[in-house]
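Labels A, B, C and D are assigned to the chains in the order they are written; within every chain, residues are numbered from 1.
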Amino acid sequence: MKSKLKVIKSVAGALLLGSAVNASAADQTILNTSYDIARELFATYNPVFQKHWEEKTGQTVEIKQSHAGSSKQARSILQGLPADVVTFNQVTDVQILADRGKLVAEDWKSKLPNNSSPYYSTTAFLVRKGNPKNIHDWGDLVKDDVALVFPNPKTSGNGRYTYLAAYGYAQDQFGKNATEQQNSFLKTFLGNVSVFDTGGRGATTTFVERGIGDVLITFESEVNNIRQQYGADDYEVVVPKTSILAEFPVAVVERNAKKNGTLDVSTEYLSYLYSEESQRLLASFNYRVHNDTVKAEVADRFPEVKLLTVEEIAGGWPNAMRDIFANGKQLDQLQRR
Amino acid sequence: MASGQRHQQRVGDRPAVKYTLIGITLVLTALLLVVPLISIFEQAFVDGLAVYWDSLGDPDTLHAIGLTLFVALLTVPINLFFGVLLAWSVTRFEFPGRKLMMTLMDIPFAVSPVVAGLLYLLLYGNNGWIGEWLYEHDLQLMFAWPGIVMVTVFVTCPFVARELIPLMQQQGREDEEAAVILGASGWQLFRRVTLPNIKWALLYGVILTNARAVGEFGAVSVVSGNIRGETNTLPLHIQLLYEDYQATAAFASASLLALIALITLIFKAFIEWRQERAEQLH
Amino acid sequence: MPSSLSVASAKTRHKRVLPGFGLSLGSSLFFISLILLLPMTGLVMQTADMGWSEYWYVITDERVVASYKVTIWAALIASVFNGVFGLLLAWVLVRYEFPGKRILDALVDLPFALPTAVAGITLATLYAENGWYGELLAQWGIKVAYTPLGIIVAMSFTSIPFVVRTVQPVLEELSPEEEEAGITLGASDWSVFQRIIMPSLWPALVTGVALSFTRSLGEFGAVIFIAGNMPYVSEITSLMIFVRLQEFDFPAASAIASVVLIASLVLLFAINIWQGRYLKRLHGR
Amino acid sequence: MSIRLENISKTFGQFQALSPMSLNIDEGEMIGLLGPSGSGKTTLLRIIAGLEGANSGRIQFGDRDVTNLHVRDRHVGFVFQNYALFRHMTVADNVAFGLEVMDAKQRPNKTEIQHRVKHLLEMVQLGHLANRYPSQLSGGQKQRIALARALATKPDVLLLDEPFGALDAKVRKELRRWLRSLHDEIGFTSVFVTHDQEEALELSDRVVVMSNGHIEQIDEPAQLYAQPNSRFVFDFLGNVNVFEGKLTQSRLHNHNAWITAPSSDVPMNSGQLYIRSHELSLHTEASKIANLPLKVVAVNPIGAEVRVELAPHEWQSEQIWEADLTHSEYDRNPVKRGEIVYAEPRNGYFFRENSHQAPEQVSWQSRSLDETVK
C-alpha cells in the first residue's frame, strides 16, 4: 500500500512543474511548523543548521517549512500535519499539543533553556513620523484622539500579548487590586481601536498601507522590521517603559519525530538555536536573545524595558486563557457595548 | 424570416431606455469589476517587469503554480464524470428523493469554505475515526495533496451538474427515447445523442469548475498544512507572500490567477461565440 | 404478496425506457454520500458531543448573536443590491447588442474565478481612505473599508455572478408573444416589464438572490480584510467560527457553523419548494 | 373601422418578405389572409398591428393615419397563435389586463372592470373559469380567453394570427362557427391569418391569397373558388387533377392519353388542364371526349361522396388523380382497386403554356348538350 502511494506521489510529483526535485535527495527530512511571519528567519537559519549538521554527523538534512497562524498550525498538527518540530510564538499553542494530543512531551518547557524559548521579544509601538500624537507609554494610548491598530486578541497571539501588556501596565499603574481603574483604562484602550485584523501582518498592512490609526502595537521585532521594510524615516519606534515578555517557544513533536525517525536531528535543530552563531542571527531579525556575548553586541538596539511575565500579570497562560480570553470573560466583558 | 429582427417592439428597446441601461451597467461594471481587476495588475507591476518575472520565477511560486494546476487537473475530471451522471439520473428518471438530491447538491454553495475544510479535517484528521485508521496505516490524506483535491472536489462539485440539469430538463427525453427505440446502446446513446446536445453546457461547467478549483482558498487553507514547496497552492502562497511583506510578489501571483481567470473567461466567450455561430448556420 | 411485488417491479422497469438508471443513480448516491454527506457527519458528531443546553448557550452567545445580525443584514443588503444590479446586467446582456458585450459577459464570472482572499485584499486597497475609491468617497464623508459597508461591498462582489447566471437563461427563453400581447393591449413598457416580464423572472431572480445570500453568509476570505472586525459592529459569523477554532473549541465552532448551514439549507430548500409551486402554476406540470 | 394599406413592403435583411402591396378592408369585414408558410401573411398581420414596422407605405385605420403610431396607441386586438396568455395571472386577470393598464383618465373603475370582465367571460361562455390559471385550461378554452382579452378594450380592429392552428379538428370547427357568429353579432373589423383554405373560405367575407410576399388574389370565397386566377391559387384551394398536354389535331396529348379540346371560342393551345375532382366521371372505356386510362389505387367512401384515387396508366402526371363520385354514380359503376378505368372531364380550367394569364374556363358538357339539342 505504502509503495503504491509512493508511486502515486512520485507521478504526482513529476506532474508538478519543477517539483520533481524535492523527492528527497537528503538523508533526512524534517518539517518545521512555524508561525506565519517567521519564514525569512528560518529560511536564513536552515542553511546554517544544515551545515552544522553535516559537519557534526556527515548527514544531509532537508528542512521543509510550514507557516501560518500559530494556533492554526497547532490545530493542524493535532489533526495530523506531520510536523517534526514546532517553533511558535504562543506558549499555549505548544501546550495544547502536549495536553490534547500527547504529541509533545509533558515537560517540553524544561527540555531546553529559558523555558524552551531561544529568543523573545516584547510589545512596542510604531508611530507616524514626528510622533504627532506624542505617544511615549501605555498611558498615552487612552487619550481621546488616539486611534490604535493591533491584531484581534481573539484570533492572534500577538494581540493577546498586546492586551496582556496593557493589562500589566494598568496593574502596575493603578495597583494590583484597583480593578475598577484597570477596567476603565482597558475599556478606553479597547475603544480606541480602529481595526481588528486577524493577524499581526494584517494589522501592519492596515496601519502602513491603508494609513489607518496613529499607533500600531505589535512585537518589537516586527516594529523594527516594518521600519526596515517601509522606510525608517516615515515611522518611529516607541518602546514603553513597562511591557510584556513575549516568549517564542520551540519543541520537538516527539510522536511524529519518533515515527519519522528524526528525533535526533529535530532535537539538534532546536538546541542549535541557542548557539552563539544562531543567536546573532536571531538578533539580526530584531529578536531579543539570551546569549550574553550577542546581547552585549546589540545592546544599543534593544532599550531597557521592565518586562512583566504572563505569570505576573495573569498567573500564567492557562489562567489568562480561562479568565481573560475565554468566551464571555474579561475581554468580552470589556468589549461589550 | 430572420428572427433577430422580427420583434422590433420589445420592451425597453427605445434608444433612450436602451442606452441609459447600457450606460449604467457599463459604469457599474467598470467600477465594481474592472477597476479591482486593473488594480491587481497595477500592484503586480508597480516595481517593474523585472521584479514581476523574478517573483514568479521563485521556486516556491513555481511549485505552487504546478500544484494548483495539478489539483485542477484531478478535480475537473472527477466532477465532470459525476456531474454528468448526477444530471442524467435526476433529469432522466423519476424516483423518490429526487428533489432532496437536487437540494443536497447545493450544499457546497451553502457551506462556508472554511467550514467545508473543517468538515474534512474532522473526518479524516487524526481525531476522526477514519483518521485513526489512516494514521495506523500510514496514509496521509490531510495536509497532503489528496486532502487538497478532496476539498476542492467538494467545493466545486455543483458546477457541472448545475449547468446541465436545467438544460437537460428543458430538452426532455424524446431524443434519447427515439435513440433507444432505434436500438442504440447506452454508450452510443450518450455519445451520439446526449453529448452533442449538452456539450456547450458541459464545457461551461468544466470552465467554472476549473476557475473555482484554481482559486479556492478557504477550504484548502484548512487542510493544506501550508508546507512551502509541497502543499502550498497558489492562493495560499499569495497570502503567505502578502503576510511576508512581499506585496508585489503576492500581487504578481495574484495577477497570474487573475490571468487564468481571464483566459478561462475568454475561452468561455469564445465557446459561446462558436455556439451562436453554429446555431446560426443551422 | 409475491405477486404484488412482481407487479410493482414490472411497473418500475417499464417506466425506465432510458438506460443507465442503476449506474447513474448509484454513482450519484455514492458521490453525494462520500463527498457531501460523509463529511457532514463530522459536523453532526462534533455538535452531538455537546448537550442541547450547551449548544444553545454557544450559539446564542451575545457576541455571536451580534455577528448573526451583522452578517444577515450585510448579506441581505448585498444580495438585494445584487438582485437589482444582476437583473440589470442580465437584461442588458440578453436584450441589447453593443460593442464590448462579450467582454462584459465574460467579466461577470470574474468573482467566481478570483480567489476570495485576493478579492478581499484588492477591495481593501481600493476602498481604504488612501485608495482610489476611498479617497473619493471620503470627500463625501463616506467610509467603506473597515465599516459594515465594507462587508457589504465584499459580499456583493463575490456573489454577483449567482444572480446574473440564474436570471440570464430565463430571460433568454422568455417568449416575445406575452410581451407583445401586453403591448397590443395598450400597456406601457414599464407596466409590461413589471406585470408580465417580472412575474416570469421571479423564480430565477429569487433563486439567484438566495444563492447570493447564502454565499454571502458563509463568505470569509474576502470579507475579513475589509471588515475591520470590530466586536458587535463588524464581526461576521464566519469570524466567530474562526475564533472558536483558534480557541481549539471544535464543538463550538461546529455548532455555530451548523447554525449557518441549517439556515442556508432551509432557505435553499424553501426556495426550491416555492419555485416548484410557482412554476407548477405557470406550466401546469 | 376600415383599414387601408398602401404600398406596404417589408424586407428582413436581404430577404423581401413583402413586395409592395395595397389592400382595403371595409368596416365590419372579416378578412382571411391565406397562404403557405413563408408567404408573408403573418408579417402583414404584424405590420397592421404595429408589431412590425413596414419599410414603405402607409396604413390608415378609418381616417386615422397610424403608419407611425406605436402598437399600444393603435387600439388593435391581437390574438396570438399560441394565445400568449399571461401564465401567472388568472383568467379574469388576463381579461382585465388591458383595462387595468389604461390611462387613469380612461380607465374604468374597479367595479366597472369586474363587470366588463364578467360580461366578456360570459360572452365566450367561460364565466365559470374566471379564477383558473391558463395552464389549467384546454386549448379551445385558452383560445376563447385570448379572444375575450383582445376584445376587452373594445379595439377598432381585431387581428388573429392562426387563431385555430393549435386546435384539433372538431374544436376548430366549433370555434370557427362561434367566432363567425360573434363577429356578426358585434361587427368588429377583423383580419385573420390561416393556412387552411377551408377555414379561410368558411370564415371570411373576402379572402386574400398570398404567396412569396405577393397578393395573388383578393375575392369573396365563392368567387375565389369559381374563378381562381392563377395556378397557385388553384393549387392552394384544394384537390385538382392536372393534365399537361400538347395540342395536336384538336386534341391534347400526353403519351397515349388524350382529351378532346372543348368546342369554344377560345383557341386552344398546348398547356395544362386543371380539372377538379368532382368534375370527373369514370367509365369502363374511352369516350369521344377523352381517353384517360387510370388504374384505381384506392376507393374511400367519405360522407356524401366516394373518393377514388387513380394512378395514370401509360401516361404521366405529377400527382395521383382523384375523382369524387356521388354514391349513385359509384353504384352504377362500382370500380375496384386494381381495375383500369377511363375518366371523362365535365368542366375544367385551361392554363396556356408560357402564359401567366388567368385561366380560361372550359366545358365539355355544353358540347354534348349542344349535340343533344341539335
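Following the convention adopted for this analysis, contacts are C-beta pairs under 8 Å (C-beta built on N, C-alpha and C of every residue); 3 or more make two chains touch, one makes a residue touch a chain.
Predicted, not measured: the structure shown is a model, and the values here were computed from it.
Touch-path distance (fewest steps) from chain B to chain C is 1.
The chain with its CA mean position farthest from that of chain C is D. One inter-chain figure worth recording: chain B and chain D are separated by 56 Å, centre to centre, where each centre is the mean of the chain's CA atoms. Distance between chain centres (mean CA atoms), chain A to chain D: 91 Å. Chain A and chain C have CA centres that are 38 Å apart.
The multi-chain contact residues of chain A, meaning those touching 2 or more other chains, are 78, 202, 209.
Shown for chain D are the residues that touch two or more other chains, namely 50-51, 71. With touch defined as above, residues shared between interfaces to two or more other chains in chain B number as follows: 6-7, 9, 121, 242. Of all residues in chain A, those touching chain B in their complex are 1-2, 5, 12, 15-19, 22, 31, 33, 36-37, 39-40, 64-68, 73, 76, 78-82, 101, 199, 201-202, 205, 209, 225, 229.
Within the complex formed with chain A, the chain C residues making contact are 61-63, 124-125, 128-131, 145-146, 224-225, 228-232, 239, 242-243, 245-249, 252.
Those residues of chain C that touch chain B in the complex are listed here as 15-21, 23-25, 27-29, 31-32, 35-43, 45-46, 85, 88-89, 91-92, 95-96, 98, 100, 102-119, 121-123, 125-126, 132-133, 156-157, 160, 169, 173, 176, 179-180, 183, 189, 192-193, 197, 211, 214-215, 217-221, 238, 241-242, 245, 250, 253-254, 257, 260-261, 264-265, 267-269, 272, 276.
The touching residues of chain B, when paired with chain A in their complex, are 59, 62-63, 65-67, 69-70, 73, 121, 125-127, 131, 134-135, 137-140, 142-143, 145, 221, 225-231, 240, 242-245, 247. In the complex of the two chains, the chain A residues touching chain C come out as 69, 71-72, 74-75, 78, 96, 100, 152, 154-155, 193-198, 202, 206, 209-212, 321, 325-328, 332, 335-337.
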